[in-house]
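Next come two complexes, and both contain chain A; in the first it sits with chain B, in the second with chain C.
Our next item is the complex of A and B:
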């Protein structure tokens, strides 16, 4: 039975026009990036990514002298909070809601989705192409913002700041922040893409998801596995103590190895994408009913 | 008989939008050539075309296009081009981009896609304005650029939803000539229209629709034959209209014989056209009258539609 399944899988793999799929994904990504990245309606996403950068720029403008090296640890904690509390929980969340729900819903609103369905492209390929485009856009925006925040945080310490980066844990932390940013975009992106295929108005389920992500720390450990932020917590290079009234309810999940956290999130995203591939097949072009 | 792999086959297809009927129990098989879907707004023409191209799925029944189903998009859309009536375009795209990038999705290389794009633009008469943004096009230009996109990959089945809307008379004539040329090449050209006279002249066959049902289907003359309840009208231009009218009244199957205004012809309404033609031959042979012309007066889609659905011709 297994041997037959393996043989069938091999045959299926050989039958697929992978080169055509690759070309189609490239063209879909190119079209989507042009439509989404350079559009005026995406201005608010740029703003979401830029808010911490602007705050750090203002702070730097008012600080006349080089900061004391003594404050590097404190600045590091502030940067960790910017990434984990602002970008992961709010900025990337809402940006992904805007970008990924618009991938298909936007085409329905603009009445152009039928063009995607009238070309010899498998709908699964369409989902993958659009998802990759959305991921590239969000990663580009937020990794640029995180890089800018990182630079502005340590540059004001002068030589001590550069020493922290190149001789201390700075580069490792930067790598972790960039990884967290990319994974968060992938995680939220896949979820919002599926929500946009599942609901005509994905805003309400998006807000429910936000509630879920907020209460995730006080949920049982198994439920935390269905939360993007929970995976990201394990990848934070700086310890962030839980503060505030929710601290007493917080369930301290067992530490998870970074590799497992990464794989866990990727598996969750792939599972949601597979669901999207099933959902896209149900979509019909009935613009008047939307 | 044409092989099913060359036909478009609807087998008992129904489509409901919730409780609203789109089309119901539609069955037919179309051979290559020009087929017109005719019916008033809301009769189910666009639903039928959207079902054919997989934009919507049938609630019941099955559809095969040249032996392919809509579940095989890669194979199907190499064969099918669909010019929808949705007047919307990807934001910011130029006429050239609008054709070129879908061709790249077909898998054509850059050079081949560029060549096919130029060819399609030329056929649609859009070469001069191809680099302009579609948003700045007139309605007629938008219609033509959609047509160019639909034919760019040389499909075997061309589906056109109200393709003549917005076109000026010259562009209409060019488009009709193009459809004819494509049909001569052995293509399926399926046109939906609510204007009867524009499809009457170019169609090999018609599918008449009303309220989601196919009320008649086939070659226009065959469909006319099916309308047994309605006497057929025949206009005979002749030298002695009164004598012909008098002779016609002697026939049981003739229900009306009316002398036309100029007095040089008779409009006959008969339940048996073949018998009338035989009788007319005898009258002519007897030398009583000289016949200049004989022509069916209601052998067009307009009349047939009026008989079948009780709707006036022209724009419905």
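Our next item is the complex of A and C:
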């Protein structure tokens, strides 16, 4: 039975025109990036990514007395808060909500989805192409912002700052922040793509997701595995104390190895993406209902 | 076939009084809203916490039930200003969620479908249009915020002994007035956002962003620059400050983490500024004409 299944799977794999799919995905990505990255309506996403950089620039300009090497420790904690509390919980969340829900919902609102469905491209390929385009856009924007924040945080300390980066734990922290940013974009992106295919107005379920992410620390360990931020917590190089009213209810989950956290989030994203591929087959275009 | 001469005949029936004309919009909007099952569900869910608070009041005033259920709370069950402060805080946050669902449906549809010129070509002014739409939100959010507050106050007044009503009557003012401040701000910001972005999905998202993202940015601003002025971007925090003052809880709640807070006057100024900005946007966007570019 198993041998037959394996043989059929092999045959199916060999029958698929993978090169054609790859070309179609590439063309879709190129078109989406051209339409979404350099558009005026995406200005708010740039702002969302750039505002912490602007605040750090203000600090650099006006708070020169905090540029002593003594402050490197506190600057590291501030950077961790920027990445974990602002980018992961708010900035990337809302940017992904805007970018990924617009990939299909935007086409429905602008009444152009039927053009995409009429071209000889499998709907699953359409989902993957659009998802990859959205992921590239969000990763590019937020990785640049995190990189700028990192540079502005340590550059003002001069030689001590550069020494912290290259001789101390700075470079490892930068790598971890970039990894966290990319994985968060992938995680939220896949979820919002699925929500946009499942609901007519995906914003409200998106906010339910935000509530879920907020209360995730007080949930049992198995439930925490269904939240993006819980995976990210294990990857953050600087541990932040839990604050606020939820602090007393927080369930401290067992520390997870970074490799497992990365694989866990990627598996979650792939599962949600597969669900999206099933959902796209059900879609019927009814522009009048919008 | 005979063709009869047809001439314009003006309407001679009874006219809606000028003062209450804006309520026509409100009436139709309510009819549309209650057709949505999701809205009805949200509306009912927003009232659920009130039931728990009512149960608490009942428990607090019934020693027999306390003994039967063997509840022992340090300091006893107190229904004081902190109780009504918590109630108002929770209900106003639920009102925010309800508002995010309702508001984009009110204005965005009229603007997208070009219905505004049709409204304004009748004896109906732009302030009346805004008033009609605001009345929908105000009535709806009142039912979720200060009306349950007053009902629970009356319940406690009826169950409590020994002049509780007269010694706590001042709390009626913050229950009503603070809720009114929050409702006004919510409705103006949400209408302005809906009028600006026009699309319903986008408007819902932007309303959420308008409250949550500035709050996060404010917190980051405070963390980086070591100040507290970033809290001016957190509208919920500004409202909490006003509520704390209204319920005379300054000693208990302000600066709870030992950190300084923005002064109350700054909170008021910020809220007024936001309302004025929203009015300006509404004035600019709600025109009986539309410029189509391209």
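In this section, the second predicted complex is superposed on the first by the 287 of 290 C-alpha atoms of A that agree within 3 Å, B and C clash if a C-alpha of one lies under 4 Å from a C-alpha of the other, contacts with A are read in each partner's own complex, and residues count from 1 in each chain.
Definition applied: a contact is a pair of C-beta atoms (placed from the backbone, for glycine too) under 8 Å apart; a residue touches a chain by one contact, two chains touch by 3 or more.
Computed from a prediction, not measured in an experiment: that's the story for all the values here.
Asks: Clash or fit: chain B and chain C on chain A?
Replies: Partners fit side by side after overlay.
Asks: When the two structures are overlaid on chain A, which partner does A:218 contact: first (chain B), second (chain C), both, or neither?
Replies: Touch partners of A:218: none, neither chain B nor chain C.
Asks: Is A:274 contacted by the first partner chain B, the second partner chain C, both or neither?
Replies: In the superposition, A:274 touches no partner, neither chain B nor chain C.
Asks: Please indicate which partner A:226 is in contact with in the superposed arrangement: first for chain B, second for chain C, both, or neither.
Replies: neither
Asks: A:287 in the overlay: touching chain B, chain C, both, or neither? Say first, second, both or neither.
Replies: first
Asks: So, does A:120 touch the first partner chain B, the second partner chain C, both, or neither?
Replies: In the superposition, A:120 touches chain B alone.
Asks: Return first, second, both or neither, reflecting whether A:28 touches chain B, chain C, both chains, or no partner chain.
Replies: In the superposition, A:28 contacts chain B only.
Asks: I'd like to know which partner A:39 touches here: chain B for first, chain C for second, both or neither.
Replies: A:39 contacts chain B only, not chain C.
Asks: When the two structures are overlaid on chain A, which partner does A:20 contact: first (chain B), second (chain C), both, or neither?
Replies: Only chain B is touched by A:20; chain C is not.
Asks: For the superposed arrangement, tell me the lowest C-alpha distance between chain B and chain C in Å.
Replies: 7
Asks: Could you tell me which stretches of chain A are touched by chain B in one complex and by chain C in the other?
Replies: On chain A, no residue contacts both chain B in one structure and chain C in the other.
Asks: Please output the residues of chain B touching chain A within their complex, sorted ascending.
Replies: Those residues of chain B that touch chain A are 17, 50, 53-57, 73-78, 80, 82, 84, 86, 88-92, 101-102, 104-107.
Asks: Inside the complex, what are the residues of chain A that reach chain B?
Replies: On the chain A side, the touching residues are 17, 20, 23-24, 27-28, 30-31, 34-35, 39, 110-112, 114-115, 117-123, 284-287, 289.
Asks: For the complex, which residues does chain A have touching chain C?
Replies: For chain A paired with chain C, touching residues are 44, 48, 51-52, 55-56, 58-59, 63, 78, 81-82, 85-86, 89-91, 94, 97-98, 101, 105, 109, 201-204, 206-207, 210.
Asks: For the complex, give me every residue of chain C touching chain A.
Replies: Against chain A, chain C makes touches at 97, 100-101, 199-201, 204-205, 208-209, 212-213, 216-217, 219-221, 223-226.
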